[in-house]
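As written, the chains take the letters A, B and C, and residue 1 is the first residue of each chain.
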Amino acid sequence: MKRSLLLGVLMLGSALSPAFGESGPIKIVLPEEADLLEPCMATRSNIGRIIMQNVSETLTELDVRGGKGLMPRLAESWEQKEDGSWRFNLRKGVKFSDGTDFNAKDVKYSFDRVMSDKNACESRRYFGGMNIKIDVVDDATIDFTVDPVQPILPLLLSLLTIVPEETPMEFVREPVGTGPYELTDWTPGQQIVLTARDDYWGEKPEVTEATYLFRSDPAVRAAMVQTGEADLSPSISQTEATNPATDFSYLDSETVYLRIDHNIEPLNDVRVRRALNLAIDREAFLGTLVPDSAVLATAIVPRPTLGWNPDVKVFPYDPDQAKKLIEEAKADGVKVDTPITIIARTANFPNVTEIMEAIQAQLQEVGLQVELKFVEVAEHEVYYSKPFKDGRGPQLVAAMHDNSKGDPSFSMFFKYDSEGTQSGFADPKVDDLIARANAAVGDERAKLWSELIAYVHDEVVADVLLFHMVGFSRVSERLDFKPTMATNSMLQLSEIKIK
Amino acid sequence: MTLATTDNVIAAEPSLLVRMMRMLLADKFALSAAIFLLVILAIAIIGPSWLGDLATKQNLRGRNLPPFDWTRTWVWWMGADALGRPLFARIIVAAQNTLMVAAGAVILSSVIGTVLGLIAGFSSPRTGQIIMRLADVIMSFPSLLIAVIVLYVLGSSILNLMLVLAITRIPVYLRTTRAEVLEIRERMFVQAARVMGASSKRILFRHILPVVLPTLTTLATLDFAYVMLAESALSFLGIGIQPPEITWGLMISQGRQYLTNAWWLSFWPGLAIILTTMSLNLLSNWMRIALDPVQRWRLEMKGGKNG
Amino acid sequence: MLRFIRQRALASLISLIGLIVMVFFLSRMTGDPAALFLPVEASAEMKDQFRELHGLNDPILVQFARYVGDVATGDLGQSLRKARPALDVVLEAFTWTLWLAIITMTLVTGAAIVVGSLGAFRSGGFFDRFSSMISLVGASVPDFWLAIVAIVIFSINFAILPTSGTGSVLHWILPIAVLFVRPFGIIVQVVRGAMVGALSSAYVKTARAKGVKSGPIIFIHALRNAMLPVITVVGDQAASLLNGAVVVETIFGFPGVGKLMIDSILQRDFNVVLAAILVTAIAIFLMNVLIDLAYALLDPRIRH
């Protein structure tokens, strides 16, 4: 009797709460658990999806929804000074979730921590090859002097999460940040709970509490939203996405391509590389093995990225031309009969096995000898990144690259520069273009990237670009949320509205 | 003299083969199992050269074609896979690799396991102890780790795949054999044989092995299924069979993501595994009776009735 | 008895040490954890620093000596990826696995002995054929079929059980049901086979000839005799459950040691792999001791 009374009161309470505005807790089911919740690792997707901008904030933020470009977050404004250095004016009155005040010293400490040799922060990679000097002018002003001058420093700082000065240099498991949420529970293997903070500096989000669950099977993730065990699954499989009321597809900034190793005959011949491109019927994959809404790639970066070149056209499917090119190469003594190996990673992306089998068949169709080899993630890395093994045969490495950061500099050096760790060739003109584009600003920068994209695609025929991939999400009907290109790496709870 | 004896034998008792055939005919389940296995065996031998091309011919526009479309030729009756290849033909072609790996792994593990088990049970306690602790080690060594190590150290090949699968299955044969040996060697008839001066080897193979064998056969037939399924899990690592080569296990795992909307992709290969295991088991149960002088009458009586 | 246990403990300790030494050296031959922890774009210096932090740049013998020293003080090292002690990670997961294995194997063994011996009692009869068929299908059906189909039926269509996860008793039903099927199929077959043999064996016949008419007594006699292989196979199946039920853990989001082990092996998180193997090995060794004691109980003639 007593209990039912209590229950009644509780139910009354929860029935009343919507009257205070549409807010409440939600549950999100993700494919992979975060092994760490370390702010300086937030650029890795399984960690970033949970804490990036929810717990840990950055000085700037790239607008991936609209066309607003770089927006202020913990910095209210910034400017480049005469000497090329940058000054950031920080937001005042911001508190970390542990109660300490946010100021310029925390920014400097956060940067020093990322660069420290007492941890293995992955966001350090965005500041490689630069000499950065930081001056704290006052509590709300900070100067960054970078050598060489870094035109996209404000963009790079959208990847630097800010932690309080008291954080140890070593990795932490309980992140403290300035974001709208704080970590309130982490039961490894089961759940992570973020709860909205009362003392957040910005607008109060509608989601009061987010519980993260982890299921590796896409069918189970989809089922959980269907049965109400979860409200949102940012990634389900294409085959499950059948309900138009809850299931949305979105371009997810992942680009699938075959990296060509130009150092080994016959792939050192541009005619053979062009033949590879002409032999693949990319259109036939759309709506079959690759979702209909995927986009054929003409660059390693997707469309809204700076300098994306609309004049570069997808290679047509022309097996006859491909055969002709191979014959020509053969006539010139190129050993086109050498078996070429495609190396792919198991479970790298949906249908990877079938897609690679189909590509193998299409390449064989034009008279090339093609073998297929599937490897697990650690071995894939050995093939994909330098140093390449001596005595290897001609290889195509199937890989997926993610750049949702708006600028090609996060891709081009690594994939195409002769020093790049995943670059399969060396071309002085490419190196020069990359160096110049990296140093340029504004329209000049865009122009140089465009030029590079066209040159790499049409002249060098550097790789076999395939698709900009599509993700599928299932969103409960009680939520109002559209996933974006950045959803893979960041899921801002403040963007989720409750109907 | 010789002639007369032969006549007598034929009259009194038909040759072993004929008797076995009669006993097989008497058990309809075992008979169908034997026929099924013969068909699978034949398919495994001729499959790749017979339908190899058809089974790898892709057609993206005809992907995930549903089964039971009787208007098309029979290879399409089970439907098509995610690349539009006929499943019936693929199952036939895959039989060869599947049986090779499964039989190889099962035979390897059961023979090694049994021999080690016999030794462990029959030799000095010290040797026995060493072998048994070795089995403990294998039992607690995760098979995936063995696979990754083999992959890195030896490279991937069908032989290595068999090796990995075999190693992980050794302990169960070993432990089963040894436990039985410990028990049997105390039994009366073995003690008697020993007293009468029979050599250890003779006791081992004449008296002990026949008693242990039935249980081991049951285990081995069931392990067939296990190995066929485990092999698909290892192909995930890139060890052993990889596309475009096919096995039933690989077909099952490729169909996994379509389970809810194109069930046939993983159903048919799964059914092939189930039927093969079942046939092997029925046949081994039959064989156990047919080879047991005490129970053989059951089948011979039935055979008599039917005839 | 005491002497047996002492000897056994010593022998097990030696093989445990052998196991760990083997895993320590072999696992370090399988690739570089730095390349997996950091993104492909990370510089060589960053990878080198990761290795330096975790002592992976030292000669392997130095690493081994350090590990031995740590283990001697009860420290199994930090997880390379999780920034917390490897042993904590493993024990958390293993507790779940242990319960899952104990419950499943208890149910399986009970059910399989009943079904298998009933089948053997009327060998070749309808019940025998039927139960054999069911158990054989069970032993050879892919486990993810069962798991997904069970979720579709019980969680989506009937909405009576949660799809996955932990939290209540209801969450355990589907994982246990799916795990039940395969060992049940195998053990039924083994029980049936052993019982067919035992029921036709000389001394059961003697008992019958002596006029022991009542079924149960003969049954118990035969069962006792048939238990030897059954216990062995139960042990084998239990060991594979203790090593973790990967498919069930992945699909049902069950936080057991199987998925932890797979992930740690794939990510080359050596300390977690070693700790996981140590913990499961101890469990399996203990179980094998119990099994050997059970042999002796069943048949006092078996001496050790």
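As a convention for this text, a contact is a pair of C-beta atoms (placed from the backbone, for glycine too) under 8 Å apart; a residue touches a chain by one contact, two chains touch by 3 or more.
All values reported here derive from a predicted model rather than from experimental measurement.
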Practice problem: Select the chain whose centre, defined as the mean of its C-alpha atoms, is least distant from the mean of all protein C-alpha atoms. | Solution: C
Exercise. Per the contact rule at the top, check every chain pair and give me the one with the most C-beta pairs in contact.
Key: B-C
Quiz item: At what distance in angstrom does the C-alpha mean of subunit C lie from that of subunit A?
Solution: 38
Quiz item: Quick one: subunit A and subunit B, Cα centre-to-centre, how many Å?
Solution: 47
Quiz item: Counting in whole Å, what is the centre-to-centre distance of subunit B and subunit C, each centre being its mean C-alpha position?
Solution: 22
Self-check item: In subunit C, residues with contacts to at least two other chains
Solution: 30-31, 148, 152, 266
Quiz item: Going by the touch rule set out above, which residues of subunit B reach two or more other chains?
Solution: 148, 151-152, 259-260
Quiz prompt | Residues of subunit A engaged with two or more neighbouring chains | solution = 219, 376, 379
Practice problem: Write out the stretch or stretches of subunit C touching subunit A in their complex. | Solution: 30-32, 34-43, 46, 49-50, 52-53, 79, 81-84, 89, 92-93, 96, 148, 151-152, 155-156, 159, 162-166, 250-253, 255, 259-260, 266, 268
Quiz item: Which positions of subunit A touch subunit B when the two form their complex?
Solution: 218-219, 237, 239-240, 242, 284-285, 288-289, 346-347, 350-351, 353-354, 356-358, 360-361, 372-376, 379
Quiz item: Across the complex, what residues on subunit C touch subunit B?
Solution: 7, 11-12, 14-15, 18-19, 22-23, 26-27, 29-31, 124, 129, 132-133, 136-137, 139-145, 148, 152, 185-186, 189-190, 193-194, 196-197, 200, 228-229, 231-233, 235-236, 239, 243-244, 246, 261-262, 265-266, 273, 276-277, 280-281, 284-285, 288, 291, 295, 299, 301-302, 304
Self-check item: Residue ranges of subunit B in contact with subunit C within the complex
Solution: 29, 125, 129, 132-134, 136-137, 139-142, 144-145, 148-149, 151-153, 171-172, 175-176, 179-180, 182-183, 186, 214-215, 218-219, 222, 225-226, 228-229, 233, 252, 256, 259-260, 266, 270, 273-274, 277-278, 281-282, 285, 288, 292, 294-295, 298
Self-check item: Complex contact set, residues of subunit A against subunit C
Solution: 35-36, 38, 44, 117-120, 122, 124-125, 128, 170-173, 188-190, 213-217, 219-220, 223-224, 226-227, 229, 376-379, 381-382, 384-385, 410, 414, 421-422
